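Letters are used for the chains, namely A, B, C and D, taken in the order the chains are written, and counting of residues starts over at 1 for each.
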Amino acid sequence: MTDRNSTPLKLEPFVPHLFEEDKFHDECGVFGICNHPESTALTVLGLHALQHRGQEAAGVVSCDKKQFHSHKSLGHVADNFNSQPVIESLPGDSTIGHVRYSTAGGAGMRNIQPMFADLSGGGFAVAHNGNLTNARLLRQLLVSKGSIFQSTSDSEVIIHLVATSTYQKLKDRFIDALRRIEGGFAIVALSDKSLIGARDPLGIRPLVLGKLSDNSYIFASETCALDIIGAEYIRDVEPGELITINDDGIHSMKPFPPQKPRPCIFEHVYFSRPDSLTQGKSIYKVRKNIGIELAKECKIKADLVVPVPDSGTPAAIGYAQETGIPFELGIIRNHYVGRTFIEPSDQIRHLGVKLKHNANRGELEGKIVILVDDSIVRGTTSIKIVDMVRQAGAKEVHMRIASPPTTDPCYYGVDTPEKDKLLASRMSIEEMTKYIGADSLEFISIDGLYRAVCDADRDSDSPQYCDACFTGEYPTTLTDKEQDTAPTQISFLNVIGPKS
Amino acid sequence: MTDRNSTPLKLEPFVPHLFEEDKFHDECGVFGICNHPESTALTVLGLHALQHRGQEAAGVVSCDKKQFHSHKSLGHVADNFNSQPVIESLPGDSTIGHVRYSTAGGAGMRNIQPMFADLSGGGFAVAHNGNLTNARLLRQLLVSKGSIFQSTSDSEVIIHLVATSTYQKLKDRFIDALRRIEGGFAIVALSDKSLIGARDPLGIRPLVLGKLSDNSYIFASETCALDIIGAEYIRDVEPGELITINDDGIHSMKPFPPQKPRPCIFEHVYFSRPDSLTQGKSIYKVRKNIGIELAKECKIKADLVVPVPDSGTPAAIGYAQETGIPFELGIIRNHYVGRTFIEPSDQIRHLGVKLKHNANRGELEGKIVILVDDSIVRGTTSIKIVDMVRQAGAKEVHMRIASPPTTDPCYYGVDTPEKDKLLASRMSIEEMTKYIGADSLEFISIDGLYRAVCDADRDSDSPQYCDACFTGEYPTTLTDKEQDTAPTQISFLNVIGPKS
Amino acid sequence: MTDRNSTPLKLEPFVPHLFEEDKFHDECGVFGICNHPESTALTVLGLHALQHRGQEAAGVVSCDKKQFHSHKSLGHVADNFNSQPVIESLPGDSTIGHVRYSTAGGAGMRNIQPMFADLSGGGFAVAHNGNLTNARLLRQLLVSKGSIFQSTSDSEVIIHLVATSTYQKLKDRFIDALRRIEGGFAIVALSDKSLIGARDPLGIRPLVLGKLSDNSYIFASETCALDIIGAEYIRDVEPGELITINDDGIHSMKPFPPQKPRPCIFEHVYFSRPDSLTQGKSIYKVRKNIGIELAKECKIKADLVVPVPDSGTPAAIGYAQETGIPFELGIIRNHYVGRTFIEPSDQIRHLGVKLKHNANRGELEGKIVILVDDSIVRGTTSIKIVDMVRQAGAKEVHMRIASPPTTDPCYYGVDTPEKDKLLASRMSIEEMTKYIGADSLEFISIDGLYRAVCDADRDSDSPQYCDACFTGEYPTTLTDKEQDTAPTQISFLNVIGPKS
Amino acid sequence: MTDRNSTPLKLEPFVPHLFEEDKFHDECGVFGICNHPESTALTVLGLHALQHRGQEAAGVVSCDKKQFHSHKSLGHVADNFNSQPVIESLPGDSTIGHVRYSTAGGAGMRNIQPMFADLSGGGFAVAHNGNLTNARLLRQLLVSKGSIFQSTSDSEVIIHLVATSTYQKLKDRFIDALRRIEGGFAIVALSDKSLIGARDPLGIRPLVLGKLSDNSYIFASETCALDIIGAEYIRDVEPGELITINDDGIHSMKPFPPQKPRPCIFEHVYFSRPDSLTQGKSIYKVRKNIGIELAKECKIKADLVVPVPDSGTPAAIGYAQETGIPFELGIIRNHYVGRTFIEPSDQIRHLGVKLKHNANRGELEGKIVILVDDSIVRGTTSIKIVDMVRQAGAKEVHMRIASPPTTDPCYYGVDTPEKDKLLASRMSIEEMTKYIGADSLEFISIDGLYRAVCDADRDSDSPQYCDACFTGEYPTTLTDKEQDTAPTQISFLNVIGPKS
């Protein structure tokens, strides 16, 4: 038996903000494909390529003539969909899928998309990336007329709007629903006759169109999901565009009043994979451009440019190329970092545990170091990184950030802290410099970011983006934000099956 | 490594009808309790006592002021609800629960009750034992008006009827819903203000009322669920009665036109636990009475009365007491029988595998044996039992059945084979005798069964029962049975979470 | 979200002695079969029939020419061995298996038998029912010479004795090992050439020999394991006998000095299944005889004889037949009782939770009841049963026990409490009567038990049994009992595999 | 129900060599710490930092005064040891741990280290990185004298040698054991009195010494395991050195005859983490040096230097700095690649699935590309990478490899293919170039590699390394390699526990 006289371990519960990445999190990725005999296997691959957009859960719905099939799971695509029985359980030639980042609360399982409903006109499934800014209001109206919600997901609002629409045809009912929602959304929908892709009027959330063979079209959040299956990238779905693919071919329409597009600029900064293209342009190249613009704006002499891996790497390469300062891997990332790790006791924590990154002491010792990171959200990671680099012997540590200060939360489907948790909303840059312990701290300007992205300053004539997280200028109304609605009434434990 | 020259095992997939119990299966048990600080723990105990009514899945919904909490699981109550974290996740002072026998198809998880909806008037949960004979028709009507179904369960029909009712008060909406359904049902429902129990106009499915303390009332399918928590049995909920318990106390009403009750007679034969009471009378005593009546009807000289364990035991005791022939455990049951066992290869099967029962050879050798069983459904178990007893050396084997021949399926919530799979619907008793290999086979008469249950022959003046499974006389209309509706359109894989 | 103002549930950790069966537990069952192409499937069936002898874990080792294969698992045989992949992973034509009741401590997995070793003469596997009374001493000797133990199991002592024996032939090494051990044991062993069964010199633990076909012989703890696969019961392995089956046929030898046999009498009282035969006699008939003798010894007038199910049932039938008092199922057992159930809070416990048994009130009310149980160990169940019967309205409750008072622990492989936890070792029968709350309490006499088992009083001429648990007269030396050895030095967590 | 007329999916079983990394795999990492109240939590962190050395399984043994505790698990450290209950189950102030790469066969669980034995002198645990080249011979000798092996692990040979040594003191017995083994090994051992670290006479496998506080010393395979807990790196354990830490302090001895060291050169090429130090030198810097030497040896004009991520990155940076050709991320790695992915059907495979890497088309199109990778083993990955880069539009693809051709397998604890599976052992460089489809292919010379590592050519005066995988010159005898021993005799299924 155990000797109970030894000093007891006191491991406190995990405090997430200390170990979690200090990043904005995109909430979703969507994928849909039609008219391919292996549509489900291809969807699983596509979702795997979009895994960086949401790691908490994934779902797939396939349609096999008039019959729909669904599988949803918490966890990664590769862990839960990557088996012959699962893929065989989802037969058909058209399939849509979804990956999501978690929301708060225990309702996880119920909120996994795609949402499906058996409507009077036939089955209908919807997968949605984005956030509706009037979802709560719509939900209240629907409930008062007898709609029963099974989740707290915005997508279910859309599907109830379709179910209760007074139009006859499914496509008309879907358009009727889209016209009633506001916010940012990229939607892929599946009926027994057609695959539909739609993007909000401002094009806040991304959606691209691809093609694999004759009539086998694909919708995906990013082009990397086309690449993984060897599909051809045709073009971005346009802001406000609705594309339908059915036996008659491919049809585009624009059911909304025209508006100047405002795609999310943060997709360029962090969300999208560097190998994806937006409007035909490589994200990697844009990020290198950001590094180049950043170097132009904030010149400083230094011995090394060191990226905060991995998201700061392209900007750091650009920065190094622009300045001629050597690019070095001064920080090494541990590839086996799990999502969570037990919080060490005080005694251990004071040792300075380096779970995720380690300094490459040999490169840093005695050097003036420029650290390049993509953004600062709460500042928690920056404190640790700067300290680690300094402990490794760096003479000076200068932090350069490849985006402007993030001062405002996003309401369009990105998981951001409340405004008062955002470091830049409560501190001046001088205070932030002190807070993270750097010798200097500079952010790229909003104009510099625009130049890197679209070769022009931010003004009304050049292309515009949704940059609300940097400027607080929200391009849509925020209906629910003013309301104070009672929370939803049921909590669900995750459902547990029997031994198999 | 393994030597692959050895004779390969060829174990075929399990063939259920060979090893499964040859019984009718009740589809559900319900339980509800209000105004008790440990309502969930008590519900879990109550469901455990009702486990014999459904072993495939269980669900619990509790209400903690205005907040509802739910947990559902495939498998047994003791395995899935019997833990502090689960019980703590279901706080409140009112709770309802449900156990169910599986239905065909993969939709298991979605169909687990209680069903919950967040209605405009507040949360509402429903647990239901029985079957609606017009569920499909109602479902089609609801879908055409925009209701979205998440399951194939009858209970969801009820909850959508409540959601879309044009009445204002929740209770009125619930009554409105009940008046539109037909079939057999015993329902326990929970809102944030009241616990409701209701029984169909004919009282086909059972429901009893109990009390634990001042204002803590209980509804349960059987009294054994009251006994397990030490609650007092007050009375049966009457056919067509709706009882509401709220802060004002307990209220009874009868929202249906009055009809002569027709409770299910098979509850006496097999479903209910022998220690439960129906209309104040012990099921064990009724079953012994059936044995006594059976002995009166079908006299034969024999050395032993042997029950087919365990369901034939009370009738066998009655039979033995009436005839004076010794009661002996001539068949021993293996208590560790799982639900399924791999099908042995032909070679092994021919050895006569005795997974579930074994003959007690010492008692049977050279004897004239009367075997008493409660019913014959497909006859599969009877063949094996008779053969086993004969192999053990019995001189003669006479089978006596404590119910009339089961010739017709049930449409009121009991899982029965199709009519053409019922042995008694396609064979004469003589043919059945030959089929099961007995020296003789006799069933109690329908009048004998009535005498055992209510001390009177089956005629219009004495109490009546639903005996459709023996007579084909269904006491309600069977609306859906005539229709030919398309099947529901989605299949769900069981949802699998990540490692915890 | 959950309202945290509600009365919190306080469910304390499970207190086992309140809910566990108040029984002695046999620690093991063994099975072995040779020369059959489906030896593993048949072993799994045989172990399933022996499941009542040990429910905590099971193990199987097969031999496929020179290659051995093993699978072990915590839990029931039907849950863990009943699948094609497991059976296919254990190829060969000879197989042995083992079921065990748990021991204290976390070393469960390591202690699962059969134990296997790759000796210089080839592979050797041993499954053992019983307990060595000099295991600790032998273990110390072996360790001092360099043997490394992987478990705390007695069986590993046997296998190390075989490994380090200086004899050449495996059979001689095995005999050498058996001669150095003392205590009760029934062993089945498997080499690549032969299947061996052996029983301790006194025959304390049981072992029978069966036959399925020409050269396919079987060893098993009880005949019910022969019945399940349709094998023929040849005879009991004799005390002190060692039987070897190899390509030359079947060979018997007696390697120990002859002694008067002393088989365990408690096998008749409780351990063995009622359908098993010992020395050709049915356990059911012996138990009925015990009931008859009990009735002769302790006459009392009563209305009903009620068994404490299920182990008291045969004796109750005998008692009822001898006295003519009606036999009734006055206590109903819940068939879905799991092994453990959360301990209810004080508030609920006071309600008198009836997880396992329920009174059949209709039969008991106003009656003088004779309760028949097989034994009283700590008395915990008896208190609850008597109280339950009384609460159900019984006028008088008279407890009759089908074995003498159990005053002493077993050292031969039966899991018994320490002497001071045995009710009969610290109370007179009068005190026990009061303690359990009965109106009277009587035990069968030791002579009465002998008469029921072997038709003669307990004296030196008639057959003798090990009755140490009733008499404290141990038939072997108890070498380890005097020693005070330090406990083993390692604790193992149960080993957890990756996601599959 | 599902319409079975649709085109069936035909997903073949996973073909590992297509998707697995084409790398040598190190088989183990070890860690040990003494005299710290949180030794187990620190060991878990240390093993996490060593996870790249073995991902299949991990084990930990702690010592709490005289009591030892063990936990082992298949899977990653962060998934299986990162919980309070596990850490609390391993109390003590001294702990050792081990991570391992899988071996073939199902014996996984049994082979997880550390191995523990309860010797006559007390408990003893051993964790071992490396491979003994005379393990089979020693095993046969031990078995013939009665030792029973529970695993197929070399480490168990060591522990049996200790157990059967005729020396008295544990340290002497351990030295006695080490003198009898040959091959490469780095061992951490734990008794109740001391922590021991030992390295083979040639220092083939690495081991470093660190310190956390006064008497709390650490052994680890690499310095990154010191960094993660903030420990100080003291020095490498020297080849042939044995260091003991006990209550008297730290003691070094050299129990072997002196030999010129031959540490594994492949640790510099691939195994070690770039942030680790060997002999005080950063692995990252050595790899950059290799890139520089490579650039000097094989000049070619090009537009871009592109690393094959992530292991080719440091050499590519060196290559780019030396040549002035821009370094670009032309290949993007998917960070969510699981270990395995279902093999796509032929139809899908032909699409060119890019599960793990994607080309960054924008950078590659029309360019002359130099790809830098660390090694080529079978060549499977290289074929795909070259093709992908070409498909993305590269004008020319020149592959440069930061190690000489790997022509021979390793026998010192590295998982390498058989010689005839190594591409370089069966093809000329010209053939390899054709095989992988590159425009040119060059490897660094063995002298170039030595210059990068130790600033001198490979000759007898400068430091020497074990470079057998490039040269076939094995620095030790390979006793077992000549023998033809029968394989071990038992296969174990992974052991499965009950539902928790």
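Going forward, a contact is a pair of C-beta atoms (placed from the backbone, for glycine too) under 8 Å apart; a residue touches a chain by one contact, two chains touch by 3 or more.
Remember, it's a predicted structure, so these values are computed and weren't measured experimentally.
**Q** What is the graph distance from chain A to chain D, where chains are linked when they touch?
**A** When the steps are counted carefully, the minimum from chain A to chain D is 1.
**Q** Farthest chain from chain A, going by mean C-alpha coordinates, please.
**A** C
**Q** If you average the CA atoms of chain B and of chain D, how far apart do the two points sit, in angstrom?
**A** 59
**Q** Rounded to the nearest whole Å, what is the centre-to-centre distance of chain B and chain C, using the mean of the C-alpha atoms as each centre?
**A** 35
**Q** Let me have the rounded angstrom distance from the C-alpha centre of chain A over to the C-alpha centre of chain B, please.
**A** Each chain's C-alpha centroid was found; their separation is 49 Å.
**Q** Do you know which chain B residues sit against two or more other chains?
**A** 1-2, 66-67, 69, 79, 491, 499 - these are the residues of chain B that touch more than one other chain.
**Q** Per the contact definition, I'd like the list of chain A residues that touch chain B in the complex.
**A** 61, 66-75, 79-80, 86, 89, 109, 116-120, 122-123, 143-150, 159-160, 163-165, 488-499
**Q** Applying the document's contact rule, which stretches of chain D touch chain A when the two form their complex?
**A** 1-3, 5-9, 11, 37-38, 40-42, 45, 48-49, 51-52, 55, 64-67, 69, 76-79, 82-84, 87-88, 91-93, 212, 224, 227-231, 273-275, 277, 281-282, 284-285, 310, 313-314, 317, 321, 326-329, 332, 334-338, 340-342, 344-345, 347-348, 351-355, 358-363, 499
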